[in-house]
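Two complexes are shown next, each including chain A; its partner changes from chain B in the first to chain C in the second.
Here is the complex of A and B:
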């Protein structure tokens, strides 16, 4: 059983934050809210998302699992204005999801969850640094780096207490340093890892500019990016595997 | 037994590259290269694939375009090259040579007629693996740090042996003979656009209630690369004959037929010349050196290989999250 009403903007941002990595996913419809965990086919980027029942205008569920075509569902949700309400109801018999938006009825065929890529195990990461940073600063760094390169180094200089971003192109370079004053918080440990900008750009698209993002970094380790959605009634964690740094 | 006959008997299913992630495959290098030469060069201008002095370089393009698929799906290839030709296969090779000469005559005629489509088709069929092709392929694989194994005889038999020994997870070849060489799991269509096929020996044997030895006998009755089959015996009949009479000699006796060197042919499949090997599969390519070799040394148009090298580099420097679980 699943029946819920949610503001379109919340549904859209939830779907977008998963949709930047995968085209289809499993959604757990738990009593306390929905949960999604997915990894892209190359096993490089992962998303772990929860949206609490309180984030919905109304919510009833008893622990089902559905598989959805995210691209399709994003299109449907995109039909609504951001403050419109979207009603969702699962038809257990036909395994279809009924979606209604201000009189518009859409019946979405679900995908057999078994046929969707298995949900990934969460990596076990021991990361030395924690940087709490505004979404807009991540956006600045990623946008600038993309002008010169297809990868980006994120690191922390423990001695100087700064978080830095470096991108080196064939001719041009980008460098950004943020210290404790520029950041919301910084727990500095020695850290440096190189990441693909393709992935980071996609994740960046889903990070609200005004979000407070907790970034955890290590030495040639995956990065974790954690932020709240739906005014704290939901949360997204991205994990991105590093590239091997050539010496 | 022709490939179509063996396909009828074989247990084959499509698999996604995702499922193969993390495994190793011993690739029949000649078979793989040949596929690339006949598919990449097909319908295109021969001149783009040779140097000014006429040396063949299409194989270098094929390698650069073909390898990314393995690396991007974390499927580690080990290329196995043929050694000496097996004596009994001489007839088959002679036949292929005659066929090629025929194609070459046709090609000449098509050129004279100005039939460009026929020319393209025939050019692809007359592709041969010259010594230069083998040599430059090996040089390039070396620079890319892709493991290479030299088979004492048939590359395919060596691939199957490595799969049997568990040195690799799969043999990789288009040829259905891999089943006869006893490869437990074989990947086909590694060069095609879609998903590969997985051919399963145990499932094949279970389906027909045969042993591996009996499957070889069935193949010999229908005809293999090493012998002509008995006229009028197709795969179904061969399976019933071997099932009824137990083995090849029983089946032949019942039909009053003979196959020359039958026991030697059986041994070629069941106990072929192979070497024990356990190659290092951690791949650390020198992409810059490989590019220099292909573009500067062999004069291949960078446009043909840039994207391939980029994909190889990306696939090998990008780690996966599963390294941390």
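Here is the complex of A and C:
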């Protein structure tokens, strides 16, 4: 059983933060809220999202699992104005999701969850640095780096206590340093890893500019980006594998 | 079974040139395959679908490059550079995985089932975003692959394994793995394959039920049988002598269309091409005619579909449309009905393989009788649209087996030959009335006779490197004739067959000296090399600047003594077109 009402904007941003990595996903409809975990086809980027029941205007579920075509569902959700209410109801018999937006009824055929690739466990990583940073600073760094290169180095200089971003292109370079005063918080350890901007750009799109993002970094290790959504009633964690540093 | 294990088999196969060794490697692999035997039989040749299953993978080179780039982080320009050097995307994938710049969060080892299921699934993607899903599916496999696995995943997706396995090797390996490997065992496997067209069925049957089981395998409705092929007869006289050792031959009009195998059981009707592709959807008019005219409850009939102009198709003096025009019907997916009205067809039937029981072991004479008993003529109605259904024009001829080749053929045969050519058909088929139906083989029981066109001397203007085994060589050559008036060369077609490896290698060495510019694997050439080329027919074409195209051109030899301007002229091509 699943029946919920949610503000369109909230649904849209939830779907968008998963949609940047995959086209279809499984959604767990638990009593306390929904949970989505997905990894992109090349095993490079991963998302783990939860949205509590309290984030919905109303919410009833008893622990089901559905598979959805995310692209389709994003299109439907996009039909609504941001403050409109979207009603979702699962028909267990037909395995279809009924969506209604101010009189507009849409019936979405679901995908067999078995046919969607298995959800991986979050790798347990020991990352040396933790940087708490505003979403808009990530946006600045990623946007500037994308002008010169297709990859970006994220690192922490333990001695100087700064978080830095570097992108080196064929002709132009971008460099950004943020110290303890510029950041919300910094637990400095030696860290430096190189990442694909393609992926980071996509993840950046889903990070609200005013969000407080907790970034965990290591030495040639994946990066973790954690932030709250829905005014604290939901959370997203992205994980991105590094590129191999050429020497 | 780990995919790496199968990759080990591919590598051993690629490492040896000996067919016996290849056979033994395969036999060992088949014997140990257990439940995975049907999968392994398919995967060793990289064919995931039987020819008559309509699925197509739809994996292109550029899509593959996307997937490799996505999973390894190597830029597409670097991949294209490698591709130019090696000519094989499998090798490019192996190189990219070896030099990858992107790490992954997790990796799982690949199993044979996962690789098979993923690649097969690609065929089921349709509509919006299906290209992206194909890229993702292949990228997902490559993300978990080591370099050697990546090489064969890509080759499987593209359908070229490059391990030198033909159908003959599979056949022999099945005979060795599950039977005694004798000639008789090989024959039993061969026969079983000819009637089933499916080595998965053959391999499992050989393993479970041995040679007796194989002999029980038979022609089955809706599983197309390989068609019997004709040899080329040098002349009418010779063909008659070859096909009629007992003094009688059957001569039939050889129509210029597409071979069709019609399967019918009750209301269910399916049509297959000579290459065993299902074309039922493209020919609703033929389905209607079969429903109307085939009276047998079940039947497999062999014939030729010919397209005629709508104005003439209902009369006695029908005008066939050029093959090119007709072939649009085979490729057509939209507007099938209106196309059926524009290019109405007649199915000319000439053989019956099944009419409730299999007939392939019966003599041709009996099969013709059964054919005639199984259907009634249907007249063509382009408006409905409904195709025509009729027996091929046929005569029986008594031939003196002692007569030499030069003797005049019986008048009935020469009359039919002239009639066929006058009506715009290809020539005649000469058949032995006692011969059984031999699927998939050219045996001297059936000969085609038709006038051949004079060869042309043409200049090579551009070329493209081949794919697959011959990828180091310029195997696709654009041919041009000489336009005296404009003093320029005009292209008339593209050649890609007829040369031996040796000839092609030599030709490539010579052509590479003439390269003016390169674009990927295509090169512009100084027009200097002249080749003698034979072909079936000259057609009108907008694809080439001469306005003509050669149909089925084949390489004969290089004309080293000719200057490019000695090549045949555009005027001559025009004249040959008018005369044919």
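Some notes on this structure:
Simple rule for what comes next: the second predicted complex is superposed on the first by the 247 of 247 C-alpha atoms of A that agree within 3 Å, B and C clash if a C-alpha of one lies under 4 Å from a C-alpha of the other, contacts with A are read in each partner's own complex, and residues count from 1 in each chain.
We take it that a residue touches a chain if its C-beta (ideal position, glycine included) is under 8 Å from a C-beta of that chain, and two chains touch if they have at least 3 such contacts.
Because the structure is a prediction, the values reported are computed rather than measured.
On the superposed chain A, the two partners chain B and chain C do not both fit; they clash.
When the shared chain is aligned, chain B and chain C each come close enough to touch A:243.
By the touch criterion defined above, A:171 lies against neither chain B nor chain C after alignment on the C-alpha atoms of chain A. Once the two complexes are laid over each other on the shared chain, residue contacts for A:23 go to chain C alone; chain B is not touched.
Judged by the touch definition given at the top, the superposed model places A:71 against chain C, while chain B stays out of reach.
Of the two partner chains placed by superposition, chain B and chain C are both touched by A:222. Of the two partner chains, chain B is the only one that A:124 touches; chain C does not reach it. Comparing the listed stretches 345-353, 363-371 or 453-461 of chain C against chain B after superposition, the clashing one is 453-461. Residues 39, 41-46, 117, 120, 123, 196, 222, 239, 241-244, 246 of chain A contact both chain B in one complex and chain C in the other.
Looking at the complex, you find that chain C touches chain A at residues 70-71, 73, 75, 100-107, 128-129, 132-133, 136-137, 139-140, 142-144. Those residues of chain A that touch chain C in the complex are listed here as 23, 39-46, 71, 117, 120, 123, 150, 196, 222, 239, 241-244, 246. The touching residues of chain B, when paired with chain A in their complex, are 18, 21, 72, 74, 314, 316-325.
Put simply, chain A touches chain B in their complex at residues 39, 41-46, 117, 120-125, 196, 221-222, 239, 241-244, 246.
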